[in-house]
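Handing you a structure now.
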């Protein structure tokens, strides 16, 4: 690349704009991503990186305005941080259209994985369907033949059920869409009981999942339950408590993944913040390390080179092997974890691998 | 769908309604009877749940946790009433909206500051966990039965308090004309502080009771607040009876809608699409119900028409 | 006496078990003041409300200027020329006195749905409004906020608003109530002039005023008219004395 | 010492001053008529007495207590029974509830009020908001009596009442005065009827006491000058 | 105490001068903030007609804000993908022209406001608040679960729509468009308030019976006011969508309704510039406080509380005497 644009002075410095949710509902996820990210930056000792952090309050319009601010006023090079798919959809296309790189530490909407994939967009976490697909695969492996499946009635919920069914080979005993933000699941639980199902798959992020699990465990039904990691993650698990014990959930990361990076990460995170890291913290940590690895190889001013460096994903992930598919989404192993109690703390243990080197269903549609 | 399942869902609807009533009861008192639009009612509900979770984790006693929830919410309520809200009774409803909106911000973020961003743990006590068998074949959560029972108790207690006691008359008189009831020798300010504390305490109780089977987290009060408003508006503002009937109606509509609509739609649609469409419609159902009720009876089912 | 302007035919209205109007028929003729008196709770205001359109009778009908208006709304009746005053003042309390009266003038003019012309600069409306304020002697208070008026002053304003409509018939529910002795005297004079323009159905407990003004008096007791007649007839009617007047005239 | 004493009271609504110096006394067992044209400050004076409005200067004493530091409910408990202008019944309460809500022990109870106003007795379960005007007036008086006050303060006591009822009320008032020694401060426009009960009269003009004396000594020149009669 | 007119002029000038300075200093984000303030102020000005002047406390104005937004989103997304919105019975194409989008947004919001008003105006007071909320919630849930335009994920329009002769992607030019629209609407509102319609509406708020007895139907007054109010808020929604180049169901959520309401109360209900002052201050606070701490909502809450307690009649009411509302 000979024609380096005038503003991109090759000083090796990178300005990162992080937009994430730090206040209101769901702030826990944003805080974990931020903390994981900053931990990696600190550990690298790299002085050439400057991170600006802003709170999107989980509102798409605020996220858009913050993105404008970071691009127009702060003139950042790289953006990251967004937790929610709907906020990502609001920000990512226009940010990348303006030549910025976007590294997603969490949200992976399907719209950005297939036809709508973008050269400057890299997802370090997963494509939204991944964990559900692994759950489906696990259910098939376990020989479940009649799953009852439920999720909230919004795009991510529909993707979840679709993702599960993609790898689940049995019969569907019942399929339910619940109201977004619903807190009482007595009616759904009664339907599960009456359906004659032999297993339950649910995707109910945040408080919805806590409510469902508590009510489910009090209902006297003892069908096996599988779900994606979101309702069983470190931050939320303590609130679910005993109701979660023994439940299988799928995740691309767990604190007991055995590799030096991960061990060091779990230890240093605990030392720094006084709590166990969560899935989101690991994603934040990996995102920062991906960025650092690219910075070591190329100057951000040279977009093509920098993009190529990112694509290499030449860093030690907490997940072990990590690589990007053609659509810049991870190709990775997805594990099945079981909720256990360690001392007083509820946590997860890996018991199986759901899918190996798994890419996503949309990659083929991406022309990159 | 089998009859027995239908009956069970009917019960679930009633139970959900009673749970709503627990939340709406305090609101009717403060809003319907004292005439104060208190958007921060949901925050008091949250305070109750957090207090309960904290005390439960410290002492391990659910009973103490419940007491703590009532006391904490009532004390917060009294402080807020005494220091802020009492200056707003004579003002426009809009000022109350803004002030209590501000209180939501303070309470929510204050709670997050104290307790962090993750949900807390609060579970049903051993004695009330598990299920009982009803009508021969329905397994029903013991805890939910307890909630129904407490809800009924609160309903009766409040009804008697408001409509049959002198205190109740004074509260309602104050709602008509505060200045006048004062001029007749009643210390309405003090009375209102008590009433507010009572309403807040009920919100706290609801927060703790319901929190045990849902999630105790910042912002948990907001959806509840809207539902509680829907309930008391359907029932007619200021009427305890109305709030009770309204709760049951909303509970039944919501539950049965969730259950029956997908079945109805799947008779003429592919099942996945049917659940999705039915679910969209069922999330709107209680609002349709409310709009419908108000269009037919512009002051709710048991509200008095403005004279 | 002139033509029948307002004709109330066999009106019934029941609240629960209470018959507030129990087959009331009466009429109002051009040029007269027809006083409606009766004990408290007899159903006078209820009748006025039914004539004005605020309450729907259970049965019976109201004719105004040879037209059945039973199915018309309050606003439509007002447009046809039925003016009224309320027993309890009904005014726009945050507006000035003048604005309240201009509203009346506006109602008469119609064409409310005009969005661009400043109404308080409309010479026509203003001059009408000021003229009526002169008539009820509130002109000095015309720029005050209505809420600041004393009770009696509000009563005067209430009459003023009805006046601006220049109605073809008035319904007045206790216009004298709350007015001082002086105010009542002046209003008495005013009403006497007014009846030339439009007849008045007058509900009033101030017997000095009623006896001074009324051409005819009807006495309503428990929702029924028990007597109609001239001042002297009513005064000497023993039933009326017992039900309503008491031994007033004896003193 | 008089039961109620006002001296040099001034008071304002926001920026507009309504009272400029009101003096007035009511002795134990006395009926005092407060008179004046519309808007002269009668109701404002009553508001000051009942502490619904704070006076700016001057003193208001009741039963020996300086009222200036009293909120309205405590002033009321000293024995002020207010029948306000415009009745102000609690419209969403029933008649019975209106009477009971603020009742205090004493010789006035439901029975006695019921005897005074049989009409109310018949309508105990009706909402006050749907009472006729006159019925509301009775209710308002009954409600004040139920607090067993030492002084009854009636603002436009007989407004909107039928002559028979008015006569009854005046009769009741004079009986009250005779039997119970209740003091009464009354605003009313019918001089003729006031004459039957009032001992003294106070006339206000533009927020000032301009005349003060025995009711009997009111003559045509005075009433013409200040009341326009 | 300042004369309200002088104050209004000051506010209008300030809202113009700040972004102009920012333009000179090359601080585009400040322009964006000012644009957001102008647009939300416009939404508030719309609601103020119903809520402030008409006494119709609508807790569902997000409906119109969202409708405006989705009008823009749907028209522009179809224009973007060159697919018609509808082919039968007649062909409707998308468009990227702002004036056309505005017009459609106004017409649609006005129509829906008319229908909602027709139904809701049977109720009063808190019941009215809740019926309007109900309609808002219905649309909210509908928009979340309606997949065609993104559902809960919303819909991105990558390039801002076009206005003849201007480069709308330039922040200051887009600000100019919004500012001019705001001023035009405010001018219209000031005319409307002092017109006979304004007087009648204002009186109907205080005493509907009074208005009826002079022969005017309060229902019609309020319906017209509600319709205009919804149309203006709808226009603001279309602009807001263009500002963000993105729409989502949050535009329909009750938080949005509440926020628009907060602007008005904060600035001063039934004050011509109340919503402008309210929106500007709110956005300023949000921006300034947001940088202070993670828990900045606490400070925001505290400030709002102080305003309610000590500034009667909102910010404008507390610094200026009420100018006679008419003439």
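Observations on the model:
By written order: A, B, C, D and E. Residues from 1 in each chain.
One rule holds in what follows: a contact is a pair of C-beta atoms (placed from the backbone, for glycine too) under 8 Å apart; a residue touches a chain by one contact, two chains touch by 3 or more.
In this text, all values refer to a predicted model and were calculated from it rather than measured experimentally.
Listed by label, the chains that touch chain D and also chain E are B, C. Touching chain B and chain E together: A. Interface comparison, A-B versus A-E: the higher count of C-beta contacts falls to A-B.
Separating the centre of chain A from that of chain D, both taken as means of CA atoms, is a distance of 75 Å.
Look at where the CA atoms of chain B average out and do the same for chain C: the two points lie 48 Å apart. If you average the CA atoms of chain C and of chain D, the two centres end up 28 Å from each other.
Chain C and chain E, compared by their mean Cα positions, are separated by 43 Å. Residue positions 130 of chain D each touch two or more of the other chains.
Counting partner chains per residue, chain E has residues 141, 144-145, 295-297 touching two or more of them. Of all possible chain pairs, the ones that touch are A-B, A-E, B-D, B-E, C-D, C-E. Chain contact summary for the complex, chain B toward chain A: residues 1-2, 5, 8-9, 12-13, 15-16, 19, 108-109, 112, 116-121, 123-124, 129-131, 139, 141, 143-144, 210, 212-220, 223-224, 255, 258-259, 262, 271-272, 275-276, 278-280, 282-283. Chain contact summary for the complex, chain C toward chain D: residues 15, 37-42, 44-45, 87-88, 148-153, 156, 174, 177-185, 205, 207, 243-248. Interface residues of chain E facing chain B in the complex, by the touch rule stated above, are 51, 57, 119-120, 122-127, 130-131, 133-135, 137-138, 141-142, 144-146, 254, 258, 261-262, 264-266, 269, 295-298, 300-305, 307-309, 312.
Remark: chain B residues 31, 37, 84, 87-88, 91-95, 97-99, 101-106, 108-110, 112-113, 226, 229-230, 233, 237, 276, 279-280, 283-284, 287-288, 290-291, 294-295, 298-300, 303, 306 touch chain E in the complex. Contacts from chain E toward chain C in the complex involve residues 188, 191-192, 194-200, 202-203, 206-207, 209-218, 220-221, 224, 324-327.
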